[in-house]
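Chain IDs A, B and C follow the sequence of writing; residue 1 opens each chain.
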Amino acid sequence: MSFFTSAGEVKAVNDVSFHVGKGEVLGIVGESGSGKSAAVLSVMGLKGSAGKITGGSILFDGQDMNSLNMRDIRGRRISMIFQDPMTSLNPVLSVKYQLEESLRRHHWKGDIHARALEMLERVGIVPASERIMQYPHEFSGGQRQRIMIAMAMICEPELLIADEPTTALDVTVQAQILDLMKALQKDSGMSVILITHDLGVIAGMADRILVMYGGQVMEQGTRREIFYSTAHPYTQGLLRSVPNPDSPKERLIPIEGQPPDLLNPPEGCPYVKRCPEAMRICLHRKPENISLSDTHSYSCWLGQKGVK
Amino acid sequence: MRKYIFRRVLASLLTLFVVITLTFFMMRAIPGGPFTDEKAIPSFVLEKMMSRYGLNDPLYVQYGRYLLNVMRLDLGPSYRYEGMTVNELIAGSFPISAVVGSIALVLALIVGIPAGIISALKRGKLPDRFAMILATLGVTVPNFVVAAALVYIFAWRLGWVTVGFWEGISTAILPAVTLAGYPAAFISRLVRSSMLEVLQQDYIRTAYSKGLSGRAVVYVHALKNAVIPVITYIAPLTAGILTGSFVVEQVYGVPGLGTFFVTSITNRDYTTIMGVTIFYSALLVSFNLIADVCLAFIDPRIKLK
Amino acid sequence: MYDAELFLPLSREEKTDAEMMRPSRTYWQDVRERLMRDKLAVLGLLVIVLIVALAVFGPVLSPYEYDAQDFMMSNEPPSGAHWFGTDMFGRDIFVRVLYGARISLAVGFLASFISLFIGVIYGGISGFTGGKTDNIMMGIVDVIYSVPMMIYVILLMVVVGPGLKSIFITLGISYWAPMARIVRAEVMRLKNEEFILAARVLGASPGRILLRHLIPNAMGPILVTLTFSIPGAIFTEAFLSFVGLGVSAPMASWGVLSSDAVGSLAIYPWQLFFPAGAISITILAFNFLGDGLRDALDPRLRK
């Protein structure tokens, strides 16, 4: 998949393949610009006018998404919450309208208003019957994200995609929103794709983790595998740059340098210029995928070093 | 909401007060009296006229009197048209301008808004290019040129219409089209850019993520946000139509307030100039007020400010 | 198959070679490049340059004088001798249009620079001082905004009397409000930036901060507003001339030329066509340039 900008073609995501099981929480982690949002927006068919899928397919519930009517899927079976709650709600429409709109669109059976009130209460906006009449500017950032969650879940979707849902919020509010999402996910048994650059958020929620860099998957595995048998130098770097509350005196090690420019994608491994283990081969050839277990795999030439 | 409207009304009255004061003192600043003319008026006649119009009183007395009269909606007598008041003069000519102006206003809105929306949705494609070329011409070609061109084509070459005298609605159409040109072009450009801006907003992505159709997203989510700047523009729009009328009415020979205003300038009919200026300003301020109130109904964020 | 060479660690230099960086450029280089890629904007710029050149040198090169009357040659249609024809006094319309360009452009530029000057100072002070002063100053601007400006320009022209100088002054002191608003908004946005705080800490005086730091950084929006206010002034002058409040004969701006030609439109349409075309083309050119400039300066388009 590529994005077209005024500066040329940006390769956002390359050969990324991943799957989410029923009731599973998949975390996608990576720095900003690593292609994680592009990957899920393509799932939703919401890449905007600049984005163009130049290959690949997406299967949902065993069916090719290109063959499905995406408009009936969006908001009904797959829904999405976005990074910035301050701008993601329409400022001139009431919360009531924006909540009930999805129900009407997807022909909700039952009392639409009652369902909207129920969802609003469920996400902790009370008194729901009063606040539902209000407009987005009358709510705080955390409350708006709660409304976004209510909106996303109002039609009981099978898959929720959360794109950096807590990044724009205060730390204390972040925890509340994550708790809310976790509780709702447990209750409903839906699948979740959680996109974030924050390993802390991922550690608390995800069953499986996908680590992305420069539009490519560097490593994927279960939460245990990623945190305890880290294989890729990039994942190791990420983990070293997160503070550990158990040993607060330990120095944090930043990853030096900048992410690659996707206008001129590197020939070899995208991480090469920042990788402490970089080798000559990494400059010119893309590493192959190496499986460590059924669930754990990574892409790095280190694994082939010394293998004849 | 009530408090907001009250504040807007107060601000409008303040603006009007400033306008009246400014107009009064500007007219008094003109070198020579209002009766200075090419032809010398005998001094005893001048004296009589000065005292009849109260021009010998101290300036602040005159100002106070004028202010009081305007508050009673009395714009005073005309200096040139014997025995006529400015009120009567406006009442006689404004209805004609109002007919032409209203047609122009409606025309500008029903052409400009859809053109802007279509342009934004078909950005870069043929309809957009075409509409924007027209709109650019609309804002760049002065309206007296448009007026002259239309007169030349429709009156002199084709002979479809007569120009130079007023025969009701049928003679209003060409002037109205001329007057509508600039505002229609401006509105379509405004709607286009505001629509493009709105379509990039996060809440539009949210709306799509709910599975709404493109039409629902555009007409419910985008349009309501995109018309806000258009409503703010309503007042300057009317102002444009008003001032445009000075020239357009002259070219077409429409006996409206615009023609009358220009004549009173050439005649140095000071009370009439003052009166018409204040009348126009009041009209504009009212339109501004109406626009502000409309805006408060459309944009819930306004009540907070 | 296996080549141990390939698995040697990279040296620091080799990594830097692999550095994939975009060449860094200054903001204004970026703006210029984007502007030059905009065909309409370049066209607008070229047309403006051409018109200015014609206005400056044209009348000198023409064999006719702008006020030379020749009643034997009145109301001639365009020909080899008189490219644009002649008017009722037998004056060459081509040279009169060129001469009119001087006046119209002078009005456009001078009036815009006067309003730029007032607007920048007013908006700068208002934005920089903030608080109550800002409230009052912007309140005044709000009032000015809700006044039908054209009527006041007419009123002012009645007060100061017709003539070229009156037009400069009247337009200059009437149309500064948009500039003031834009400068204020920019100053408000910039004044809490770190480089301004740094200048303050270093003890720079408020006047110096305003003139040396804030206004140069607000240059983009100021430039765009200026590009749009020049055709606005030309337009207004043409309008005033048309209503009979413009420059006086035998001087002639494009507005005066158009106004004179309307009366005989049915018989000699070319007399209107040429000055009207000149106004339209000039305003169009400035609009193209302004649109291009605005797009080129928009940092959101910088990717």
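The rule is simple: a contact is a pair of C-beta atoms (placed from the backbone, for glycine too) under 8 Å apart; a residue touches a chain by one contact, two chains touch by 3 or more.
Fair warning: this is a prediction, and the values are worked out from it, not measured in the lab.
Participant: What topology does the chain contact graph adopt: line, ring, star, complete, or other?
Facilitator: Per interface graph, the chains form a complete graph.
Participant: Any chance you could check whether A-C or A-B wins on number of contacting C-beta pairs?
Facilitator: Output for the comparison: A-B.
Participant: Centre to centre, using CA atoms, which chain is the farthest one from chain C?
Facilitator: The most distant chain relative to chain C turns out to be A.
Participant: Of all the chains shown, whose C-alpha centre falls nearest the centre of every protein C-alpha atom combined?
Facilitator: Smallest offset from the overall C-alpha mean is found for C.
Participant: So, what's the distance in Å between the C-alpha centres of chain C and chain B?
Facilitator: That gives a centre separation of 24 Å.
Participant: Report the inter-centroid distance (CA atoms only) between chain A and chain C in whole Å.
Facilitator: Taking the average C-alpha coordinate of chain A and of chain C, the gap between them is 48 Å.
Participant: Taking each chain's centre as its mean C-alpha position, how far apart are chain A and chain B in Å?
Facilitator: 53
Participant: Would you please write down the residue numbers of chain B that are in contact with two or more other chains?
Facilitator: Not one residue of chain B touches more than one other chain, so the list is empty.
Participant: Give every residue of chain C touching chain A within the complex, in rising order.
Facilitator: Residues 1-2, 5-10, 14-16, 18-22, 301, 303 of chain C touch chain A in their complex.
Participant: Please name which positions on chain C make contact with chain B in the complex.
Facilitator: Contact set of chain C toward chain B: 142-143, 146-152, 154-156, 158-159, 231, 235, 238-239, 242-245, 258-259, 261-262, 265-266, 269, 272, 276, 279-280, 283-284, 287-288.
Participant: Quick check: in the complex, which residue numbers of chain A touch chain B?
Facilitator: Touch residues, chain A against chain B: 44, 46, 48, 70-76, 79-80, 82, 84, 87-94, 101-102, 105-106, 135, 137, 148, 151-152.
Participant: Which chain A residues qualify as touching chain C in the complex?
Facilitator: Interface residues on the chain A side: 5-7, 260-261, 263-264, 266, 272-273, 277-283, 301, 304-308.
Participant: Given the complex with chain A, which residues does chain B contribute to the contact?
Facilitator: The touching residues are 201-203, 205-213, 216, 220-221, 224-225, 228, 298-301, 304.
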